[in-house]
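Note that subunit A is present in both complexes that follow, paired respectively with subunit B and with subunit C.
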Partner chain A sequence: MEIYLYIALFAPLVGSLIAGIFGASKKLLFTGIVTSSLLALSFFSSIVLLVHLLGGGDEIHVEMMTWIAAGELYIPFGFLVDEISATMMMVVTLVSTLVHIYSIGYMKHDAGFNRFFSYLSAFVFSMMVLVMSDNFAGLFIGWEGVGLCSWLLIGFWYKKDIATWSANEAFIMNRIADLGMLIGIFLIYWNTGSLQYDTVFAAAPSLDETILVLIALFLFIGAMGKSAQFPLHTWLADAMEGPTPVSALIHAATMVTAGVYLVVRAHPIYELTPDVSYFIACVGAFVAIFAASMALVNRDIKRIIAYSTLSQLGYMFVAAGLGAYWVALFHLMAHAFFKALLFLGAGNVMHAMRDELDPYKMGGLFKVMKYTAILMIIASVALAGIFPLAGFFSKDKILEVAFGSENYILWGVLWVSAGLTAFYSFRLIMLTFFSDSRYKKLGFDPHEAYPYMLWAMAPLALLAIIAGWFEHQFVEFVTQALPMFTFNVADVVWMLIVVTTLIALGGIALAIWTYRDGPLDPKWERNPIHKLLINEYYIPAAYERCISRPYRELSAFFWKEVDLKVVDYTVDLIASMVYGSGKKTHTMQNGNLSSMLGWVAAGAVLLLLAVIFSSGIQVAG
Partner chain B sequence: MFEYILSILIFFPALAAILGLALNKDSIKAYGIVVSAIEFLLALMLWYAYDAGVTGMQFVESVAIVEAFGVHYLVGVDGISLFIIILAAFFTLIGIASLPEMKNIKNLIITLLFMQMTMVGVFAALDVILFYIFWELSLVPMLYIIGAWGGPRRVYASVKFFLYTFAGSMFLLVGILYMGYAYHDATGIWSFSLLDWYESATLPFNVQLWLFGAFFLGFAVKVPMFPFHTWLPYAHGEAPTIGSVILAAILLKMGTYAFVRFSLPLFPDASYYFMVPIAIISIIMIVYTAMVAYAQKDVKQVVAYSSISHMGVIILGTFALNVEGISGAVFLMIAHGVVSGALFLLVGVIYERRHTKLMSEFGGLATVMPYYATIFGVFMLASVGMPLTINFVGEFLCLLGFYEQSHTLTLLAGLAIIVGAIYMLAAFKKLFFGEVTNEKNRNLPDVTKTELVALLPLVVITIWLGVYPKPVLGPIDNSVKPLVQMMHDRAITPEAQAAIASPLVPKEAR
Partner chain C sequence: MIEITLAHYLALATILFCIGLIGVLRRKNLLLLFMATEIMLNSVNIGFAAIGHYYGDLSGQMFAFFVIAIAASEVAVGLGLLIVWYKRTGSIDLDSLSSMRG
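This part shows the complex of A and B:
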């Protein structure tokens, strides 16, 4: 079995290196095919491992070699395949393989074709390290690795200023969170003497409560960066500057869920810190509605889906925060399928519309892009949580968890968010695919995507439909590694389902009715609420004004005013004083015997006095 | 067979430099490469012969110089100095190999070989007077390199460099003499052997404070620590590429190395006493100079200020006073040497082509020079501490180590990973991203074979030691453990004894 572990882990790296060799050469179809095949191999190995575990096999734990050993610190490259990581591996490799195949078509005319596949496979490798490591330091390697690949891929079209700006923003914002994560790691090490999951989790119950709370909080700060939770959320929408397959893979299905994975993985710690967990749930619920509200008015199809991702991540954190770890993982998986599908569909639309992103300029695309439209509608229905698609099972479960654990406010927030989700999803569908064909006036000539791109999307569509049906098996499987979450909503469960489905259907219906004739009257845009939402609550502007600009100005001030005019000036001043005193006193040695004798006498008196005084002090002392 | 290897390592380049005077300028470069290659091979043999399982000094040689005052030619290495010596030999080799055509190249190569003697000497010396001699001698070749091959303000920069570090060293010399006197007072014999000093009784606390201060001034200017750092941007700004590479990769490490070798074991109580103030200075170095780096318009100044910022992390790790932190600090000295040396070489590459270092003159170079951009990217990532690069190992251990001493200060020092990313990514964006706007950059040639010869080995080291640091970290760790044990044993105040935990007692037992 170990061999499958290594194949699953290293096949993407090999692919990345092969493609990387041709990074600066002309487009070679070969690099796309090799990386995709190696990923398929990795997917196959992950499935073998999953089947092994499903069949009741033991978890697989290997230690490849030492990484860092100093003092008492010992960090190996160790990997662990248990129910949690096997699930993640399956999701990651499956979505990655499909996105790779899709990208062969999507990036067909791009000069950086080879480079793209090298980065994309490197990302998958990092993500596998993240989910497979058996210790916090290994997780951090993957954590930083995915951050690096995200930087490379957001800024993939590096000639565009906005793309590289967004890449840097994402990297730096993630670094802020990573500091929290690093501090969490330090706390773990100095309190348990190890970074290995098994040792740390075994030691956790005996730790001081304050320490546990701090560990839980700092790790969650790390999670907030990668999963773009408020207030570190602004980078995710800007990350949409990257190629769309990247948005599908990294900024929807996999990397952004790393934070959820971390909380799920560290559940023995979070179980011991109910207050922190509750805080996580509250942050999650807030982000769920906050992000959904911004998606209501946006005029950029990718940003709408990005806000939707944020909102869904909020749902996952609610589940994880309330202790329903398997529910969080379940929604993570289902979301990965339908959200990747939605993004790839958006990619088809962008291709057809020559990178136009404003749905106001589209409309009526259903006629020319029937398959894409159907796939996106499937994804949207799944996202909205309509029976019997995946979102119904996973998202409803989270609402049930909130209700069943008597967190009615959280439930209410999520319930409203579910309505918003349905509304913005179908607003997007309506504006893009239905009503009048506004694109014709603007001179666009849209076309359907290549068949194999659609075929790459088909498995995701299938999973978006059926993934929820395996809830029972899923629970049984992952609760071998995760605690079972028990709550009693049996008496109200049908009512909850009806209420939630009603608001979702209501949202869909409202969206269809509102946008049946295309965009709303522009007078709506003068509405202050609309202004607030379209400007993302003025948060990006506030960050620029209150953080970025002061930082720039302070940096310039430190350089020009402090470093040059104070610190360095003082040094030069001391030097010139030394020079100056030399000039003034050189008359002492003027060669005149009598005056020089005078100085000698004066010096001797001074020295004598010094001796007398210092010895006097000694005697006195 | 290896009995005299250290002496050979020290004096072979100097001897070769003298012989080189007889050569003409056409053959001098080949000669320089051969000599430094032999020296590098000797350094590798030293590593090969070094027994990582043995604690204490190895390859020790001792010859009396001034018997009456106990001054000896006493040299030896342990894990702490071994790799810095190898690094010095390595950088001299690739520095000479990558030298472009320039005026007076013969003088330059002879100076570099002479400089190599002083560098190896500093790290091998175990007699404090001998150390001081090499320490001061090392200033002369660098003064000459900046003053003779530097930019327009080279004289100002070189004099500033020389006088500033020299002034700091005066305090160091007074401290050394006082230590020698105190040793004589206590034992009745004169000795300047560091090994003897290690064995002697610890000085009283208030004396330690004064001596720590005197040594500190000497070392802090060299590192350079805030607020004694302003000579460095001038020196880098004016120095030719080779000067900056050697300065950043090796010379700055003399200061941090000396803290580990002298200040910590000789003055353990003072080290503990000054731990917090020094940590605060480190944090200022990390954050403040990173911000100053962000404000720079000249890419070489970005790298120069980033050096100061990283040296802050090294100092912090050193004053963690535990094995994790000090091992991390010594490892980061190597790591920073490799990465900052490489970055200065890289800056030199575009300077050679365009004779400007202003970032506004560039932009879009990723299109024109893709290989150059990739290599620069690797070192940029190493510089921001990406895991699996050499820097991460050191930085992680430094911060981890200091966390035992103070949570809050480590949190502040941890800002390094944020502010470091800010200036590096900004500089990278200015140089490489965007469209090519300046016509002069349109046809710049990518890295040449000569440049690759210098850069590729550094790429390999950066990744190799990031993935598998053990060959270097292991010996370092083995030598740091007895050092910390010695500090623990030598400490006289109860606070310091408690704070400096013996590495022999496992953590659970404490």
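This part shows the complex of A and C:
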């Protein structure tokens, strides 16, 4: 079984290296095919491992080699495949494989084709390291690798200023959170003397409560950055500057889910700190409604989907915060399928519309892009949580958890968000695919994507429909590694389902009715609430004004006053002293033998004196 | 009559060395420069011989012989070069030898 573990882990790396060799050459189709097939191999191995675990096999724990061994510190390159990581591996490799295949079509005319596949596979490899590592240090390596690859991919079109800006923003925001994560890891090592999951979790109950709370909080700060939770959420929407398959990968499989994975993985710590867990749930609920509200008015199809991801991540954190870790993982999985599908569909639309993102300029695309439209509608219905699609099972479970643990406020917030989710999803669908064909006036000539791109999306669509049906098997499987969450809502469960479905259907109906004739009257846009939402609660502007600009001014001050007048001046002074002394003494070397002999003699005398005085000092000492 | 000690020999060697050094530094005539060099070498020879005698060790005298031999060959080569230089330029003034100006 170990061989499958290594294949699953290293196949993406091999693909990345092969594609990387040809990074600077012109487009070679086989780099795309090789990376895709290697990922398919990785997916196959993950499935074998999953089947092995499903069949009652033991979890696989290997130690590939020693990484750091110094004194008491011992960190191996160890990998662990248990129920949690097997689920994550399956989701990551499946979505990544399909995204790779899709990208062969999407990036067809891009000059950086080979480079793109190299980065994409490296991204998947980092994520695999992250989920498969058996210690916090290995997790951190994957964590940073994911951050690096996201930077490379968001800024893939580096000739666009906005793309490099967004890439840097994502990177810097993640660095801020990573500092928290790193402090958390240091605290763990400081107090337990190990970073191995099993040792740490075994030692956790005997730790001081303050220390535990600090560890839990700092780890969550790391998770907040990667999973783009408030207040570190702005990078996620700006990350849409990258190529669309990257967005699909970031949002569905490889990056933002890392934060949820961390909380799920570290559940023994979070179980001991109920206050921190409750805080996580509250942040999650806040982000769920906060992001959903911003998605309501946005005029960029990718950003709408990005905010929807943010909102769904909020749901996952609510579940994880309330102790229902398996529900969080379940929603993570279901969400990965339909979110990847939505993004790939958006990619098709973008291609058809020559990179136009404003749905106000689309409309009526159903006629020309029937298959894409159907796939996106499936994804949206799943996202909205309509029976019997995947989103219904996973999202409803989170609402039941919130209700069952008597957090009625959290439940209410999530319930409203569910309505908003349905509304913005169908606003997007209506504006893009239905109503009148506004694109015709603007001179666009949309066309359907290549068939194999649609085929790559088909498995996702299938999973978006059926993933929820395996809830019982999923629960049985992951609760071998995760605690079973018990809550009693049996007497009201039907009522909850009806109420949630009603608000979702209501949201859909409202969206269809509101946007039946295309965009709303522009007078709506003068509404202060609309202004607030379209400006993203003025948070990016506030960050710009309160953090970026003062920082830039401070930097300019230090540059002009400290760097130029102190540091540079000192360096220049040393240089000019050396230069000046050289200028003054170069007459020494005038080529006249007798004066040169004079200098030789003077030097000899000086050396002699030096020897005499130094030996005299030694004698005296 | 005072006894001649090692110090006297060394003082003589030092004085001769300084005379040679001043000659090297001050003289512009290449031939005189060679003579001054000889004075310096011989002052060192005196030092070697005196110290060799003082310690009852013959290595000092041996070194002095080496120095004499090498000085002789050096002068032979040096005078050869000097003659060639004189034939080419018609002068053996040190200041005319400035082709190595930096």
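Keep this in mind: the second predicted complex is superposed on the first by the 558 of 621 C-alpha atoms of A that agree within 3 Å, B and C clash if a C-alpha of one lies under 4 Å from a C-alpha of the other, contacts with A are read in each partner's own complex, and residues count from 1 in each chain.
As a working rule, contacts are C-beta pairs under 8 Å (C-beta built on N, C-alpha and C of every residue); 3 or more make two chains touch, one makes a residue touch a chain.
The structure presented is a predicted model; accordingly, all values stated were derived computationally and were not measured.
Visitor: Examine A:Asn592 and indicate which partner it touches, taking first as subunit B and second as subunit C; both and neither are also allowed.
Guide: Once the two structures are laid over each other on A, A:Asn592 reaches subunit C alone.
Visitor: Is it subunit B or subunit C that touches the larger share of residues in subunit A?
Guide: Here the partner covering more residues of subunit A is B.
Visitor: Based on the superposed arrangement, let me know which partner A:Ile172 touches: subunit B (first), subunit C (second), both, or neither?
Guide: first
Visitor: Considering only touches as defined above, state whether A:Phe186 meets subunit B (first), subunit C (second), both or neither.
Guide: A:Phe186: touches subunit B, not subunit C.
Visitor: Just subunit B (first), just subunit C (second), both, or neither: which does A:Leu73 touch?
Guide: first
Visitor: Looking at the complex, which residues from subunit B come into contact with subunit A?
Guide: For this pair, the touching residues of subunit B are 160, 163-164, 226-227, 229-231, 288, 291-292, 294-296, 322-324, 327-328, 331, 364, 366-367, 370-371, 374, 381, 386-388, 393, 396-397, 399-401, 403-404, 407, 410-411, 414-415, 417-418, 421-422, 425-426, 429, 432-435, 467-470, 473-474, 476-477, 480-481, 503, 506-508.
Visitor: Which bits of subunit A are touching subunit B when the two form their complex?
Guide: Per the stated touch rule, the residues are 23-24, 65-73, 137, 140-141, 144-145, 148, 151, 155, 158-159, 161, 164-165, 168, 171-172, 175-176, 178-179, 182-183, 185-187, 189-190, 193, 551-552, 554-556, 558-560, 562-563, 567-568, 570-571, 575.
Visitor: For subunit A, which residues count as touching subunit C in their complex?
Guide: So the residues of subunit A touching subunit C come out as 586, 589-594, 597-598, 601.
Visitor: Could you pull out which subunit C residues touch subunit A in their complex?
Guide: 21, 24-28, 94-95, 97-102
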